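Following this line, the structures themselves.
The same chain A turns up in both complexes below, where it pairs with chain B and then with chain C.
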Partner chain A sequence: MEKKKQGNAFTRFIYSQKTAPYVFVLPFILSFCIFWIYPMLSTITMSFQNIKPAGAEWVGLSNYAKLLKDGVFHQAVRNSVMYMVLTLILLLPFPMLWAVLIDSNLVKAKGVWKAVLYVPALTSVVISGTLFRLMFSEYKTGFMNQVLAFFGQPAVKWLKMYPTSYFALLLLCCWRWTGVNMLYFLSGLKNIDAALYESADIDGATAWQKFRYVTVPLLKPTIIYVLTISIYAGLAMFLESFMLWAGNSSPNNIGLTIVGYLYKRGIEKNQMGYASAVGLVLLVVALIINMAQLIATGTFKKEER
Partner chain B sequence: MAKYKEKQTIGGAKHTVLSVLATAFFVVLSCLIAFPLFAGLLASFRPGRELIRKGLSIDLDFSTMTLDNYIYIFGGRGGKEDSAKYFMWFKNSLFLTFITVIGTLLICYFIAYGLSMYDFKLKNFLFFLVIATMMVPFEILMLPLYQEIINLKMIDTTWGVVLPGLCAAGTIFFFRQYMQGLPKELLDAGRIDGANEYRICVQIMMPITKPAFASMAILCAMGSWNNLLWPMLVYRSSTKFTLPIGLNTLLTPYGNNYDVLIAGSMFSILPVLVVFLIFQKYLIDGMTAGAVKG
Partner chain C sequence: MKKKLVSILISVAMTATILAGCGSSAATSDAGAASADSGETADAGDDAAADAGDDAAAEDAGDEAADEVEAVTDTTGPDDGTPLELWTFVELHGTFYRDMCDKWNEENPDKQIKLTTVTYPYGDMHQKMIMSLQTGTGAPDICDVEVGQFPNVVAFLTDGLVPLNDYIKPYEATMVKSRLDTYAGEDGNYYGAPFHVGATLMYYNLAAMEEAGLSQADIDAVETWDQWVALGEKYLDGIGRPDGKYWTSVDTGGTDWMWLAMAEYGEDWTGGFEGPANVQLDSVKKMLTMQQDWLSSGLAEVSPDGHIDLEAGFQNILDHNIVSFPKAAWYMSRFLNYMPEEEGNWYLAPCPVFESGQGHSVGIGGTGTVVSQQSANGDLAAEFICWAKMGEEGEKYIWENLGFDVCNTAYWTDDAFAHDDSNQYNKFFRNYPYDVLNDVKDGIGKISVVAISPTINEYFCTTTANEVLEDGMDVDEALQEFQEAVDLEQ
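Presenting the complex of A and B:
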């Protein structure tokens, strides 16, 4: 046995088994205080202030009162919420279905499709946004307009009006995230006990019944996980719109999201107080929606048991 | 993995038909998914101005394709200056990615080690805080954090970019989950041999955590390589720009650097793609860890 180090009191303290865990987690405590709690508190404070170069001035709830009447903000909220809802509709059931298909023994060369579907997630949003913007170009020679021309339709200014702008945005989003969500579901499927399917087979269950009564209930943790991150990602979407419209301004704000508005007010116009209020509204909305979702899906109940 | 595959009750012929249909479906889906990148790749062999003027489309006329854009970004055809700029971004991205991966992995490993290998008072509370930080989207903290970085005089420095993200909750979570499956007896064995707590952590436990390191390294590197928002806010001098920021600056409507934009974009996907194809398994393990246990 090696001789124990007989240093001074401090060394002994640092090397003791009681102190060690605190040393290990110290970086987290520091980072949490400096880069999480502090900015959080400062954004809450700023939301009640009017920040001017001369200094901050308390204005009470007037930033929030202004938000209530701010038409552009309302549009940003509508855009973000709408985008989130549509991405949930598109990016939950379909990737789940594709995952079940890939997991079945029907599909050949699974590895290839998994890899190809994941590749878009590897590209920077700068590149994918630019590619999609050019594909949805308003010129006749852009790809989407060529598709329309193939069906004898006139060219469309995709990114300059509703609802085609949404179509472009959602297509970009589905393109980037379908493969990722599919991988989440695939890893969930791997954890389902094969014996359950065997007994379902013995009971004469159809493919649909197996899916409905075995796969979906057992995939629930994965579904809740994907749902939770999709709600956050959907509500906090910014860069996709930023790249698709090559900057933070789109015609009539059709691509403006809540975070886009926060960026516009805070970074571009340097109105930190007002932008903080925007951010906090987003936080509250995101928390409420996710809490509601977690309660509705019974996530908390399970823990009480 | 023993699955229910063999137990299929569907007849052979019907099964073959379904199998062909299902595979065909994924062939089509994969083609659709690959299409934008394929179109971008084709476009990178043509003048960039044409792309902006006409929009992106498939043009299979091979006779008009040239390697000019690529020659240009590698410094030929009068592209010396732009080439230098492009590879400066490339180098900056590599550097930032390297620093971020090393820093994040080490720090998160230590934190997760503390959280999973010891029993101490604050343990559960701290883990709760780790989860709590995941519940707030970064975009909300972006503004106050930006101001804080300015106040700390870390604006336009790599410290300012890297420090706030070092304790990545997702990475801590993954390491902790991985380490909870490791035998704690190893710690006692180490102690009996006279190793101190920190040596046990680095020399005994770290080597057996290698697979977790591999997963997180890939995931973290991909994220850092493509990260745009936060580096864009912190970096101000153009000599520090990373690839996504640099490529983004080429997007002005009156710019004349579209050749660099398109060829440079395609070329910047290459390293990520290569890493992905080699380390695919690790990446998927790391990414999907949170989705299973919920």
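Presenting the complex of A and C:
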């Protein structure tokens, strides 16, 4: 009797239209609060503190004041922003182009192409970073220097100069992420009604016009999504540079990123308070850029739906 | 049909991103571990070089441990023995402690130990240890601490760790003192039991030098850097100075040369616990100026990729592009693991000095084992750990299986120990490593690893060394800039 009543209460609870939605979103809400909201709040408090072994000491804004004067941090921000901008230039148009090509009738064995382009994303950055480090070794037996030697060029100290280092970083990034972004675009393309292309054909549109006036506008939600995650991923890059220079120290800090600097301060130098301030700056920069981008692209406007 | 395909694609893409996410977070912890065994050896040079320094076998084990991410737990000893828990970040160290525990139990029927070793990835273990010392609960009885992390742990000394002084006593007379000092706290007590000295030796490719008409006697005659440079010039003349061949290579990504120079002059850029750090030292100036001269005279090149403990460095050695360099004794294991073709070519000798009478070596890298105050059996833990890492059985095990230059000098002159011809290192090199260690025994210096150390190492490796050796900047100017950067942090 008791049991049945309980069962009823439980069933009523579960089947209730009012509570059920909350029950279903609860796992997400919980993990969001525990693993996101709570750490973020404690990061904010820690950024105003000097974390010591025995406890924390409030230091007001001095961590931020130090950030303003910290040349290495400024360099890290410049590096990250530059890397982010360059990845956007490479990782938006090209994957979109590949996706359109694969979606068209021009390409045979589409499954193979998709797989080939996607596989790099499945490899560990630790492994691919190490391989790239070996490829870009300044020693004459490094792969890239052998390629240069084949064309009669002298060996280059790839990872000691800005242009060549960023070439290596961007190559690694494109190699890894082109396939993923392409899949996003591909799934976006699949959602475009074929009838639109047919009517465009009837109207006598060229391939370029179809791309410009049908494909791109209808891909917009996908583009915005890819743009948003790419901005954050670009700003938060760390492991690639950590592996490429076999550690967090690169010549004249050319490979230092914001997260690399956070790691340097927080983990290598055990200055959690200062590292928290660095982390918050990253969060604010990423938020500002993404908000600006989302507003500019009209994502928040309701009538667009 | 098409919709289905799309949904499959999307779910594949999503799963993949999720997986990729997992992958990268796991990788981050790997990276930490990697820095333990090879990454940082390189970049931060010495502070973490330590265990990086550790033998290659240990390195492999470290990699495995890192890959697994989860802790590996093993227990040995009788159930009624006193339970002790030990944390380490190198699987092979765990095996060492368990084997030593079995031996201890045989010898001490009245003090049986049931030892549980837990292997965590490098970063995780140190983080957990610091956290549990901070909170005063959850620390193991015994814990391995890599020398680069020691300053972080040192902060808890006064009430967190058991001083090992009394337990080191039986061995102290024959221990390398500078090594014990490396793990001393601000109060002067010893808190860590060392694995190895990491004494810096000069490695010479005698086979290549013989082709240039030089002999072992020429090496033995070298005492100062000037003589060493003269020998290098002779070698280069002997081989006709072809392109791409050098006497040595200098590091833009490591501090070994500077450590050696400072130890020879008895200086220390960290300033020890009292500070303040001062990098504008005569020894550093002299070494950097000398290296600039070598680069311009063609005697030396800049180590490819920054230092010689990386793949390009191994290849450079294998190609006989450089034939002489200073490196800690643990670098011997790099030869066995990465350059086995070189067997029989290399000769070890004491490092040259600036002025005769100076010490010839410096200890680089290492792992100190600490005992926590939280341990209910701290006395037994301390006694066991000192016995295992300084006693005869332990030292034999360390030399034979881990390949480290042991800290207890009592065995350096022991024929059965030091001149065992079945030992892989004794077989590999032209002379017995311990003979060279005996020669430098009284001159093994020490550079402190304190809170400012990471800052110094990092700035030197990213900026100063590159400015001076790659861009040819004036040494005084570069050191002035270096000092200003360090001053910002102290």
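A few notes on this one:
Definition applied: the second predicted complex is superposed on the first by the 268 of 305 C-alpha atoms of A that agree within 3 Å, B and C clash if a C-alpha of one lies under 4 Å from a C-alpha of the other, contacts with A are read in each partner's own complex, and residues count from 1 in each chain.
Here is the rule we use: a contact is a pair of C-beta atoms (placed from the backbone, for glycine too) under 8 Å apart; a residue touches a chain by one contact, two chains touch by 3 or more.
None of the values given here were measured: they were computed from a predicted structure.
In the superposition on chain A, contact of A:191 is made with both chain B and chain C.
Contacts of A:21 after superposition: chain B is touched, whereas chain C is not reached.
Once the two complexes are laid over each other on the shared chain, residue contacts for A:267 go to chain B and to chain C alike. Of the two partner chains placed by the overlay, chain B and chain C both lie in contact with A:142. Of the two partner chains placed around the shared chain by superposition, chain B is the only one that A:105 touches, whereas chain C remains out of contact. With both structures placed on the common chain, the touch criterion links A:156 to neither chain B nor chain C.
By the document's definition of touching, of the two partners only chain B reaches A:226; chain C does not. Look at A:126: by the touch rule set out above, it reaches both chain B and chain C. Of the two partners chain B and chain C, more chain A residues are in touch with B. By the touch criterion stated above, A:289 is placed in contact with neither chain B nor chain C. Chain A residues in contact with chain B (one complex) as well as with chain C (other complex) are 118, 122, 124-126, 134, 137-139, 141-142, 180, 183-184, 186-187, 190-191, 239, 243, 246-247, 267.
Chain contact summary for the complex, chain A toward chain C: residues 52-54, 118, 121-122, 124-126, 133-134, 137-142, 159-160, 180, 183-184, 186-187, 190-191, 239, 242-243, 245-253, 256, 264, 267-270. Those residues of chain C that touch chain A in the complex are listed here as 2, 5-6, 9-10, 12-13, 16-17, 19-20, 23-24, 26-28, 30-32, 34-35, 38-40, 42-44, 123, 130, 133-134, 152, 155-156, 244, 252-253, 304-306, 310-312, 315-316, 451, 454-455, 458, 461-463, 466-467, 470.
For chain A in complex with chain B, the residues that touch the partner chain are 1-5, 15, 17-18, 20-25, 27-29, 31-32, 34-36, 38-40, 42-43, 46, 98, 101-102, 104-109, 112-113, 115-120, 122-128, 130-132, 134-139, 141-143, 145-146, 175, 178-180, 183-188, 190-191, 194, 197-198, 201, 220-222, 224-226, 232-233, 235-236, 238-239, 243, 246-247, 259, 262-263, 266-267, 272, 275-276, 279-280, 282-283, 286-287, 290, 299. By the touch criterion given at the top, residues 1-5, 7-9, 15, 18-19, 22-23, 25-27, 29-30, 33-34, 36-37, 39-40, 43, 51-58, 107, 110-111, 113-115, 117-118, 120, 122-123, 126, 129-130, 133, 135-148, 163-164, 166-167, 172, 191-198, 201, 222, 225-226, 228-229, 233, 243-244, 247-248, 251, 253, 261, 265, 268-269, 272-273, 276-277, 280, 284, 287-288, 290-294 of chain B touch chain A in their complex.
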